[in-house]
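Below are two complexes that have chain A in common, paired first with chain B and then with chain C.
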Partner chain A sequence: MARPDHGARTARSGSTRRQFLLGGAVAGVGAAAAVGGDTALRAAAGETPPEPLNGDRTVPFHGTHQAGVATDAQAHGLFVALDLLDGTDRADLVRMMRILTDDAARLTQGEPALADSEPELAVAPARLTVTFGFGPGFVERAQGRGPDWLRPLPAFGIDRLDPQFCAGDLLLQIAADDPLTVAHAARMLLKDTRSFAAVRWSQQGFRRAHGTERPGTTMRNLFGQVDGTSNPVPGTADFDRVVWSDAGWLFGGTGMVVRRIGMDLDTWDRLDRGGREQSVGRYLGNGAPLTGREEHDEPDFEATTAIGFPVIPEFSHVRRARGEPHERIFRRSYNYDDRPVGAAISRSGLIFVSFQADVDRQFVPVQRRLDRLDLLNEWTIPVGSAVFAVPPGCAEGGFVGETLLT
Partner chain B sequence: MHTLQNIRTTRLAGLLAVATLTLAGCGATADAAQDDAASPAGQDVTLADGWVKAADSGMSAAFGELTNAGSRDVTVVSATTPASTALELHETVENETGEMVMREIDGGFVVPAGDTLTLEPGGDHIMLMDLVEPLEAGDEVTFTLTFSDDSTYELTVPVKDYSGANENYVGGDEGDGGMEMHG
Partner chain C sequence: MARPDHGARTARSGSTRRQFLLGGAVAGVGAAAAVGGDTALRAAAGETPPEPLNGDRTVPFHGTHQAGVATDAQAHGLFVALDLLDGTDRADLVRMMRILTDDAARLTQGEPALADSEPELAVAPARLTVTFGFGPGFVERAQGRGPDWLRPLPAFGIDRLDPQFCAGDLLLQIAADDPLTVAHAARMLLKDTRSFAAVRWSQQGFRRAHGTERPGTTMRNLFGQVDGTSNPVPGTADFDRVVWSDAGWLFGGTGMVVRRIGMDLDTWDRLDRGGREQSVGRYLGNGAPLTGREEHDEPDFEATTAIGFPVIPEFSHVRRARGEPHERIFRRSYNYDDRPVGAAISRSGLIFVSFQADVDRQFVPVQRRLDRLDLLNEWTIPVGSAVFAVPPGCAEGGFVGETLLT
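Then we have the complex of A and B:
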């Protein structure tokens, strides 16, 4: 009855493959029997059934919150900031966000976007998420009122900001376990922003590849440090409190800070292992605090050495980052490793990404303390900085940004 | 530039030929279906993944997947929309010089029983001949399809920016040669 798959070009090929993988669960008794027979044959031949492909895995798009925040971080992250064109008005923003929402809803579920010229690239979502953030310029153009914290971060003494990595009206965070999937999604979304906005900056980041280590393992940055141990855990009340906003149109959304932090690997190389651990206050081996044994042991800031010095030094990153109980953020960063210039052999760093309900209350005080004193500042230079309001998610038929735009 | 276009449309032609053969095959089985108290075509047909190409003025085209859930073949004989003063149902065919051109299809779009007809760039599509106002990305356009049994189906699709779908158009008067669709 079904025609042969002339449409490798259509959405149908993707869903057909998924249905096939789901096997008897969808297809009824006959198919179940067939799968059973197949399994039996494999067992007889000493084969194990094929593992489900990670490329087929999807993260739900619709919901109270946008995906890509609480989502277990994918291997590849692309951050694209756009500036709205001069003529783009509030009605245009509605049209743009409708289109981008539809693209994201389809692509994240492994289906080509409408008018997708490369539909074959869409059928392996690999946990693709697309997360939209609004800069101050977007909210202004929408004739809305943003939260007070939606503005450039205060100037920090350590910053050496390059305008080509700062600010932006609209942010697209596109992340998946497959870089080709990310590239295709970005291409599709940017084709659909062309009438409304222009790319301001774009930053590509990576973590461990899928399957390299157990899911939930705290990431390592290019200094070799375990980075993000004190993160609240998605799915807990603690996480909800830290991350999700309850303010106006941002209810169910969050605040996002994206900072590009250059890491000077060449001078870091001169530091011995002990010095490296002292600068952070954690062991490099497993990220345990210098007063503990396991990664998630609470640092003991009171502990002193035999001669009376703090075990976790006053200048260490862990101690300096710690503040009032409400001064907490959720980090979801990515590494970058650019082509070196001149005589340097590396140009690497961190695309620092943090989510918090209130940037001024939660993020800024921490960054102020680190700005004043943090031994890690010796080897790190912030070169980019941007703040976005990440609106809540939407239901099917709705669009991201509707709480601001309608 | 013309050459590039020809290469692309020629490649698509192969795919289109496969689709057409397949549809014909399915149609043959559907012919055997009983003709008892069939519902109006407009109730059996749905359009999925529809979209229309953004354009400032002149012509544009609409695409999507027309599925016929009914037990007999249906034929779309015409389409209307507030967005254009005139519409045509187009097919894309090879002309005597081997060039792929689009032209109005004789007798309308046939959607076989239980099957899907794909309207796509380089293939069958609904042609908007003269836009009333610019079609801007993210707008929505409503179409009404009329079937050979006079029943109708109304659908709404979004406008999308799209760089393709620039096939040559042969107007109703075969003598006046090809005409470029403006996009």
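Then we have the complex of A and C:
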């Protein structure tokens, strides 16, 4: 089966783990058989299950980089930003990150957290990743020095920011192909942080479910656009150059931008298909540039129509987003679809997430250009914005943040 | 592949449909090739795709019963209740239900709605079902006569109802294995209702993702409990007796209860495992009754401990829920996990959904018993409640609600 998992593997211990967990409760009251439906029965008989379960697939937690960046994006992503409590000091940060690392390592491998109150909900990791990011306040409390770009983004004219979706000292990105797995992991990890920090904001997003589309399909946002075509490809030198930092304690880490962008689907609907394609500079059907046939064709910004106008309009998103060769980012966004209020049909948008080694050098110039002129601005409103430094991964026995905190 | 789909099939026209849709946009501007990644290429070469995509699977729309009741529950469920606008009359109801039926029939088969603004989002039905329910206000406006039970449930002592999650004239249950499919279908259907009704409330729920667990596994709620063990099994005479009505225009339809039940996970956490199992009357590990070994073992309510106490406590949920043989319901619930506010770790619960032919005769006595005494009441708070009559399905060319409206 050719699934480009970027590090995912099928948990070999799935059945055993389940059998142990499920049998445990019964054994505790003296009953004889381990139970767990046909899974345990099959395992006992030494039979192979009929097909691999998505729920059993895991992404390694330990490594040079944290998981959840180069990982093929999972279907569900939860972004929780926390503020450190006043009394939390540097030693507390070490304690907190040790506990969080330990529980994240367990949960991502399909094992219950250390004091897991619902261990049965931990048995299906479904490619769970937990990625930690540090805001300016975290680095300051750690008595460290952050990269220059670790501060709020400059104010953009299109922004209508709501403080309830901005900033934060510590970010948890919790992502998996199963929504129950995400909910359970979030609860366990937030219990770990309870003595040190309080939730500032949280945002839930989704992409296509695992298995809806063939792997490698670029995601579509709720405007129906393919979103992320020009992304560097994980596993290539290009990706490594765009994403991974080589600066000080952030070596092997990256910079993360999280922006909440409301999309006005109700007015977007009034635009015809041609207008939409002009505003983006790509065909809606397959995401090909207006000068090409296939999604990944290079846009030809010089091409003109018979009467001399550019085929890809000056105001189009694809043209405005393109800049100097170093102005590139890796997007890993999620859709959101909140309950509409009042007469609105929808309250939807994009949790825009991008990773780049240097936010100021790579992200900000692109955003400045889009801020000045991008037809898509007509239907999109940034309402949240935050920047985090994502530290490198750690080896077994270590903890995420150790390069800053030790 | 043995998947008990209860009526699902793999869309045979998947590739063709995609090819048409994706090729259409490009053809419209004069480009030559139909495109759509490897799907279209494979289809063009006459090759079979390497494995069936979950996204391509469909549940038939037309039939004696509406889909979405006996259908094996999908991973994502959206429940939207609407209030009819003042001017909406009986003729408008016919118009609205015709349009809704028509678009639901298309969308569930992976085809765009009639005026679909984002047709590319419609190509992956992922077992989408759309189920319509009528509240008392709808039946009144239709100048019809509803069953006696079609009214708000009696007030229960445990209820702390919030009007924003109660009642409604028209319910849309939109469920699929893909969250983007649900979001898109909801938007298209709510555009259809815009001239006739306004959103009163909506609730988004989830279960395990498709492929996380083997088919037939009973869902777990966020307490970690298996939830729905004693459900009648779709396709059996037992199920038909419990669920389908034979009364008047509701013949082939059913009664639907939707209750939003907040679950206080933060205090539930303080209860130890033994205490939790006593409160439910089942083992958490595999859902077996405290007198049994397997989930589906019949509870033995007579069994006593060595010192004479009942093994399944008097106050336990499983004992209190059990009543006369006719007091049975079919549960098809979804979890929810909203953004926590303030210092709370979670704001989670259950969108309790049950189907039964006669709400007064089957559901109400059970709920009355649970209201009087059920240890689970300590950690659960009903905050929403609504009752709907789910009309029968329709044949091609007909519309849902025709037995009431024509």
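We adopt the following convention: the second predicted complex is superposed on the first by the 358 of 406 C-alpha atoms of A that agree within 3 Å, B and C clash if a C-alpha of one lies under 4 Å from a C-alpha of the other, contacts with A are read in each partner's own complex, and residues count from 1 in each chain.
Here is the rule we use: contacts are C-beta pairs under 8 Å (C-beta built on N, C-alpha and C of every residue); 3 or more make two chains touch, one makes a residue touch a chain.
Please read all numbers here as calculations on a predicted model, not as lab measurements.
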| item | value |
| --- | --- |
| Touched partner set for A:Arg98, first chain B, second chain C, both or neither | first |
| Which superposed partner A:Leu114 touches (first chain B, second chain C, both, neither) | first |
| More chain A residues in contact [chain B versus chain C] | C |
| Touching partner for A:Leu53 - first (chain B), second (chain C), both, neither | second |
| Partner chain in contact with A:Val69 - chain B first, chain C second, else both or neither | neither |
| Chain B versus chain C as contact partner of A:Ala386, first or second or both or neither | neither |
| Which of chain B and chain C A:Ser348 touches, first, second, both or neither | second |
| Contacts of A:Val243 with chain B and chain C, given as first, second, both or neither | neither |
| Touching partner for A:Leu284 - first (chain B), second (chain C), both, neither | second |
| Chain B versus chain C as contact partner of A:Arg194, first or second or both or neither | both |
| Set of chain A residues, in rising order, touched by both chain B and chain C | 1, 117, 191, 194 |
| Chain C - residues contacting chain A, complex | 1-2, 21-26, 28-29, 31-33, 35-39, 49-51, 53-55, 75-76, 117-121, 124, 126, 177-181, 183-184, 186-187, 190-191, 194, 198-199, 201-204, 206-214, 216-217, 220, 222-224, 265, 268-269, 273, 277, 283-286, 288, 290, 293-295, 335, 337, 339-340, 343, 345-346, 348 |
| Chain A to chain B touching residues, read off their complex | 1, 3-4, 6-7, 9-11, 92, 94-96, 98-99, 102, 114-115, 117, 191-192, 194-196 |
| Chain A-facing residues of chain B, complex | 15, 18-19, 22-23, 25-26, 29, 49-51, 53-54, 63, 65, 114-116, 118, 120, 136-139, 158, 160-164 |
